[in-house]
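For reference, chains read A, B and C in written order, and residue numbers begin at 1 within each chain.
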Amino acid sequence: MEAHIVMTVEAGILSLENPVFHTYAVAATIMVLKMMVQPWITVRRMLKVRAGFRSPEDAKKSPINPNPREGQLDANEYVERSRRMNLNDLESIPGFIAAGFFFVLVQPPLLLAQILIWTYVVARAAHFLAYVTAQIHDIRATCWTFSSLAVISMSMYVLVNIV
Amino acid sequence: MEAHIVMTVEAGILSLENPVFHTYAVAATIMVLKMMVQPWITVRRMLKVRAGFRSPEDAKKSPINPNPREGQLDANEYVERSRRMNLNDLESIPGFIAAGFFFVLVQPPLLLAQILIWTYVVARAAHFLAYVTAQIHDIRATCWTFSSLAVISMSMYVLVNIV
Amino acid sequence: MEAHIVMTVEAGILSLENPVFHTYAVAATIMVLKMMVQPWITVRRMLKVRAGFRSPEDAKKSPINPNPREGQLDANEYVERSRRMNLNDLESIPGFIAAGFFFVLVQPPLLLAQILIWTYVVARAAHFLAYVTAQIHDIRATCWTFSSLAVISMSMYVLVNIV
């Protein structure tokens, strides 16, 4: 007598073989990289203009600051722009990553997931370009609105499905 | 001969059928929504007073800003309050969501999880009300303390159980 | 006739029995605690100098502020330093926690995971010490660079493995 036991193990929801999770993981990792790169842009701008420092000790003579001069601690718009962009990332990206995680867990249709997730990524890329090139408020605000609504939609979808 | 194979599959820890995870997922999603809504409050306040803008280009004439005037880039307390509330969210909510995730994984008793998680949510709601209505520091600080201790307790519980 | 059914259940990736996930969970929880403790340092500094408040209502007479005086709402470097450190945490720690989560899921070699994760934690601890004691920019920047590159490396490793 022979016994065959066949077990079909469904790929878990939090598996990269789940296309919804895969989409989310790729997008979230791109956004983490974006969030980690912005401070480097701030650093590059600070070193380029040797200004816009924030801590008193940064105005001291050192290899980073070989020729200290007056006013290096004053706000510098070129540097501040990158800092505002960074703060804007902080207001948005961790929320997207958290919302997306729960969104994946309620198993949305793949197409809906792709639309909301890539809308977010594209809107943030457009927001970056609008901000870094100082486009008028309306353009930047439009990009931001798409990204914000994508995250809010994901979270509302989660609540409707689990409460 | 008959063979009965009975497999009891326990609901996974990261499943919405796990009541601890469900509690966490509902609370975390509510907090993500709170975090995403605060910038909209900032936007609404900026448009209401047509002031408190931060980027030089926002003072240009555009549909959002049809009648530019002096001082639109100056700090405006009505707008700044919402920005401070947003920053306060950023200092707290991502920490809560991360701490809660690991807390769920160490499988705390349901009652403990409910107490810590809902203490956090209620304390943040009270903090929001105290901040937006400019209650004295002591009231806001008390709300903030409860929310902070809830997150610290969850993280300490995790460390004690896994280190 | 005897039947032996032996089932070897591999520990799941997101299980604390997975040493890569365990390493990540310990490090991430420590970093959440660090992120939650910094605001307490700000509070302690504010109460010590009774200055550096940010909201107008905080300058009112209350148990926290029994003797109001002029200038309590002005920026105070002793307090601002802790606020800058907090903002620096926000720019780094949520990114580390999110990057680490996806990093664990692509199942990196344990040694690589330990190196990147503990490099991050040690670099952030060193960054904290350099910042709180106002070391020159170069020292703080070096610590920050190690922590940032650890997170970027984890995210790049993820992208290479899943895209």
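One rule holds for everything that comes next: contacts are C-beta pairs under 8 Å (C-beta built on N, C-alpha and C of every residue); 3 or more make two chains touch, one makes a residue touch a chain.
Here the structure is a predicted model, which means the values were calculated and not measured.
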Interface sides of chain B and chain C: same vs different residues, half threshold: different
Superposition rotation for chain A onto chain C, Cα-based, multiple of 5°: 120
Distance from the mean Cα position of chain C to that of chain B, given in whole angstrom: 17
Residues of chain B whose C-beta touches two or more other chains: 3, 5, 14, 90, 94
In the complex with chain C, residue positions of chain B that touch it: 1, 3, 5, 14, 77, 81, 84, 87, 90-92, 94-95, 98-99, 102, 105-106, 131, 134-138, 140-141, 148, 151-152, 155-156, 158-159, 162-163
Interfacial residue positions of chain B with respect to chain A in the complex: 3, 5, 12, 14, 16, 22, 25-26, 28-30, 32-33, 35-40, 43, 53-58, 60, 62-65, 86, 90, 93-94, 97
